[in-house]
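What follows are several structures.
In what follows, chain A forms one complex with chain B and a second complex with chain C.
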Partner chain A sequence: MDAFSMGLIAAMGALATVAGASEDIESDVGSQSNPNSQVQLAAQVGNPHRIYNKAISGEPPANALWAATAAMVAYTLITAFQMPALFALVAGASVAALFNGVFAISAYFGRNSSQRRFNQWVYLDIVRYTTPSIMAHAWITSFCIATISYIMVYMLPIHHPFPMPIIALIWGLAVGAIGSSVGDIHYGGEREFQNRQFGCGLNTMLSGQIVRKAEAGLRNSIDNAWFCTKFGGPATGMGFGLTVFLDNWRTTVFDPVTQASLAIAMGIFFIIVEVFYNLYIEKSARRKYGPYPEYKGDIAA
Partner chain B sequence: MTVGGGAGGAPSAFDPKKIRMYGLVGSVVGIYLGAILNMALNTNVFSFVGAVAAIFAVVMGANSVRRICAYGIGTGVPSIGMLALGMGIIAVMFGLSVAETLGFGLLGPIITLVYAGVFGYIIGVLANKVIKFNIPVMEEGNADLSMAGAMAILGWSFAVSGNLGYFDIVKNVLMTGYIAIIFIAGGLAILHPFNANLGPDEKQDRTLVNAIMVSGIAMIATGIAAILTQGLAAGLLQLVIGFALWFYFFKMYYKLVKRDAAAVVGTGLLPPTVQ
Partner chain C sequence: MNFDINTIVYILEILVGGLLVGIGVHFVPVGGAPAAMAQATGIGTGTVQLAAGSGLTGLLAAGLMMSVTDNLWLILASGAVGAGIMIGSTMLTGSWIYAYAVGAPFASAKVNYDPITGFSQPPYVAPGTVGQGIPTICFVSGLIGGMMGGLGGAMIYYPLYLINGNAALSAMFAIGIFLVNAVLASWNIQGTIEGFHDPKFKKWPFAFRACAIASILLALAAVLITGGA
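Right, the complex of A and B next:
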């Protein structure tokens, strides 16, 4: 281990933190993944809305596509034309963002027109001003992840044996899975049901009864991005950043070939520490906020 | 939570058997056509034919996803798309390596197809009998999906490598990592159409046009990859054809959206509720 590789690991951790945050906000702007169920249900239970409905599979496959696209384009430009890495990565992320835009628009059009009988309209102004925001976040995510894969394959002292697009695919799946499990709860549980008592969970009776009106005017997906930036996005960023940083730290400090057992033991140690930390957080939250009171009709929040 | 998707089979204007025939014949003939033209003329500009052939397979796969998932599998749509490509990639590797071992490289697509069909059918039987999905079209649909996934991967792999030989595909597609983009773009091409159009008023023609549109995007990606493996001319040709296909079918998709939506408005307040 030397200072240079440690610096690279730190940079990867920082990039991963940004990627995680932007990934979660990207999915929230478009209502992807599990909060999407409620957006989809809303019109079906008689609440047509003006919220983006970006159903591009789950977050893991979708982000795997953006990341793999960015890495594939960057790898091609670097290998075939010897372009500077930064330029190639930027170009790759731009192609990924364009792909993202097409997928997002086609999902918004498709999902809404498949709800004709519930009178869910297709609003073109939403497509015009929300899609660029989604694409911009996808650009940041795919740029960061493609850069992480570039560092792993070309810059770390021990080059990763896998090709760059495959590493980007795996990190894309990882960031999508983390965003889906960490950040989405903030959007799906808190923002979509903001008018219910805090922490009440999602009663089946409330399915589709999402908040459709904002502080002023009608709620749109840009408002949701603003809200999710406060907690869901950064929490996802921390989750993904720690995953990338800790995982690469142990294989940089300990040589993966000669000290493999130490690296594995360190990984197990991290898992044990995190399990106990999670247990502590859960217990302290239960202690502070106590059991949720029985449901006695709607209570003013 | 399962959303949308009316249960009991989706109404369709195009018969699934016909789509299967077009899908299989189109993809196999296309892959062979591209391979033979490339070999006979000693060039690689016809590699794009493989990517076009993959579109036939994708349409068949998207239709099969639609048939299976119309039985109320809402959140399972992405999973089934990934399953299709997972089955497909095993079949492609098996088919190509067996053909190479036998000494008839050109037999690869046929062996792949047969293996994929049998493999998919067995997975379908397992899903229905062991996991107890109890979806009537599961066996048939999974065989279709497996064959569609295999042919899509084979078509795009050929489009990237320009050759059907096992070692060329391993060198140009697997070792470069381009299999990642083929896998995920192919998977989304098969799963995205139905997923994006999920809902009680989903229409088959709109879903299938979406499939061709997404395949156009995948073709743009394989075109970029082909720039490295086959040179600028073959890669750019593929990229431009992919873009043209995407553009044409995106416009057609938008037309169908305007036909099917309750209203396409520039802006407006909430629509009146219909229950």
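Right, the complex of A and C next:
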């Protein structure tokens, strides 16, 4: 381990944190994730809305596509055209953002026009205002992930054997999985249903009754992104940043050639710490919030 | 390539890897879309998505380890630990959102008492839902599942790399075999499961048989195709 590779690991952690946050905001502003089931349902139960709707694929495969596209273009420009790495990564991310724009617009048109019988409109102003924001977030995500792959393949002391596009594909899958497991709960569990009682999940009876009015006027997806940036996005960033940082930190601090078992033991230590942190959160939530007053059973709290 | 005893060992290793992935998916507590609205216990995403995210992160760690050593146990352990870190970080940050943004205590609707901590569950299940958050039992079950996925991914990658020595080709085939087994298993659990304490977990023998058949076919194809390259 030397100071330079430690700096690279820190940079990778920072890039991953930004990538996680922008991935979650991208999925919130485009409404592409599990909570979109409620957006889709809203029109069908008589609540037409102005929320963007581009969930024609799960987040992990979609982000894997964008990250791998960015890395593949960058890799081609670096190896075949000897371009500077930073320029190639920017060009790769731009191509990925274009792919994302095509995906988002065609998904929005397809999804909303298929709900014509439920009185759901296709709003062209929503397409004009929201799509560039979605593309911008996809650009940040794919740039950060392609850069992480570049650092892993070309700059760390032990070069990763996989080529850049495959590493980007795997990190893209991982960031999508984390974004849809972490940040989406803030969007689906809280933002979509701010009109119901706080402190519990969505009651099944309220399915599809999403909030459609904003602080001023009708709510659109830019409003949702504003809200989710406050907690859901940064938490997703922390999740992905922890994954990338801890996983690479242990194999950089401990040389995999001579100290492989120490690197593995350090990983197990991190996992045990996470179990106890989760137990602490569970205990404190139970203590602070207490049981639900509606509970009528005979099991003591 | 020669079809000798080593080839059969490689095929068996891929088979075991595929089975580990298929069974590991049953341990991962996924609540699907309802969990994203804090309507069901577990992680708010799809089974395959999370299993693939964690298992393939393990594959990255195993690939790095395999480039510097031939020791099978170190490679497998590295894959499992890489996957465990990913799924642990995901569940931990997910818990932040359940506790601090949705403001709900964690509860499982499938058991009355958490088998690990002994905490009572039904009083903390919100009305109109089937639990929310990630209680300790689900967290531990998820870690086991994620680590089994990482182990399985490494187990599939190891023989493929020995056959052809091409990391990129082996990784792509490993990702493919991984996803097939994860999808087969998630059909078996029909979208949502809370972990090994869930009654649905008892259905794992069906997935075991399906994954065994699929893995054997895929192993034959993978060994023959990548070996001939």
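By our rule, the second predicted complex is superposed on the first by the 291 of 301 C-alpha atoms of A that agree within 3 Å, B and C clash if a C-alpha of one lies under 4 Å from a C-alpha of the other, contacts with A are read in each partner's own complex, and residues count from 1 in each chain.
Here is the rule we go by: a residue touches a chain if its C-beta (ideal position, glycine included) is under 8 Å from a C-beta of that chain, and two chains touch if they have at least 3 such contacts.
This is a predicted model, so every value here is computed, not measured.
Participant: With the two complexes superposed on chain A, say which partner A:G188 touches: chain B (first), chain C (second), both, or neither.
Facilitator: The second partner, chain C, only.
Participant: Determine, under the contact definition given at the top, whether A:G13 touches first (chain B), second (chain C), both, or neither.
Facilitator: After superposing on A, A:G13 lies clear of both chain B and chain C.
Participant: According to the stated criteria, A:S37 is in contact with first (chain B), second (chain C), both, or neither; which is it?
Facilitator: After superposing on A, A:S37 lies in contact with both chain B and chain C.
Participant: Tell me which of chain B and chain C touches more residues of chain A.
Facilitator: So, of the two partners, C touches more residues of chain A.
Participant: Classify the contacts of A:V257 with the two partner chains as first (chain B alone), second (chain C alone), both, or neither.
Facilitator: Touch status of A:V257: second partner only.
Participant: With the two structures laid over each other on chain A, which partner does A:I166 touch: chain B (first), chain C (second), both, or neither?
Facilitator: Both partners, chain B and chain C.
Participant: Is A:G58 touching anything from chain B or chain C once the two structures are fitted on A? First, second, both or neither.
Facilitator: It touches chain B and chain C both.
Participant: Report for A:M72: first if it touches chain B alone, second if chain C alone, otherwise both or neither.
Facilitator: Touch partner of A:M72: chain B, not chain C.
Participant: Touching A:D125 in the superposition: chain B (first), chain C (second), both, neither?
Facilitator: A:D125 contacts chain B only, not chain C.
Participant: On chain A, which stretch or stretches are contacted by chain B in one complex as well as by chain C in the other?
Facilitator: 34, 37, 58, 162-163, 166-167, 169
Participant: Report the residues of chain A in contact with chain B in the complex, numbered from low to high.
Facilitator: It comes out as residues 34, 37, 40-41, 44, 46-50, 55-58, 61-62, 64-65, 68-69, 71-73, 75-76, 79-80, 95, 99, 102-103, 106-107, 109-125, 162-169, 207, 212, 218.
Participant: Which residues, counting only chain C, touch chain A once they are in their complex?
Facilitator: Residue positions touching the partner: 32-33, 35-40, 43-46, 49-50, 52-54, 56-57, 59-61, 63-69, 71, 74, 77-78, 81-82, 84-86, 88-106, 112-113, 117, 119-129, 132-136, 139-140, 143, 167-168, 171-172, 175.
Participant: In their complex, what parts of chain A are in touch with chain C?
Facilitator: 33-35, 37-38, 58-60, 158-163, 166-167, 169-171, 173-174, 176-178, 180-190, 192-193, 198-206, 231-232, 235-236, 238-240, 242-243, 246-247, 251, 256-257, 260-261, 263-264, 267-268, 270-271, 274-275, 277-279, 281-282, 284-286, 289-292, 294-295, 297, 299-301
Participant: Contact residues on chain B for chain A in the complex?
Facilitator: Listed in rising order, the residues of chain B that touch chain A are 1, 3-4, 74-75, 77-78, 81-82, 175-181, 183-185, 187-188, 191-192, 195-203, 206-207, 210, 213-214, 217, 221, 224-225, 227-228, 246, 250, 253-254, 257, 260-275.
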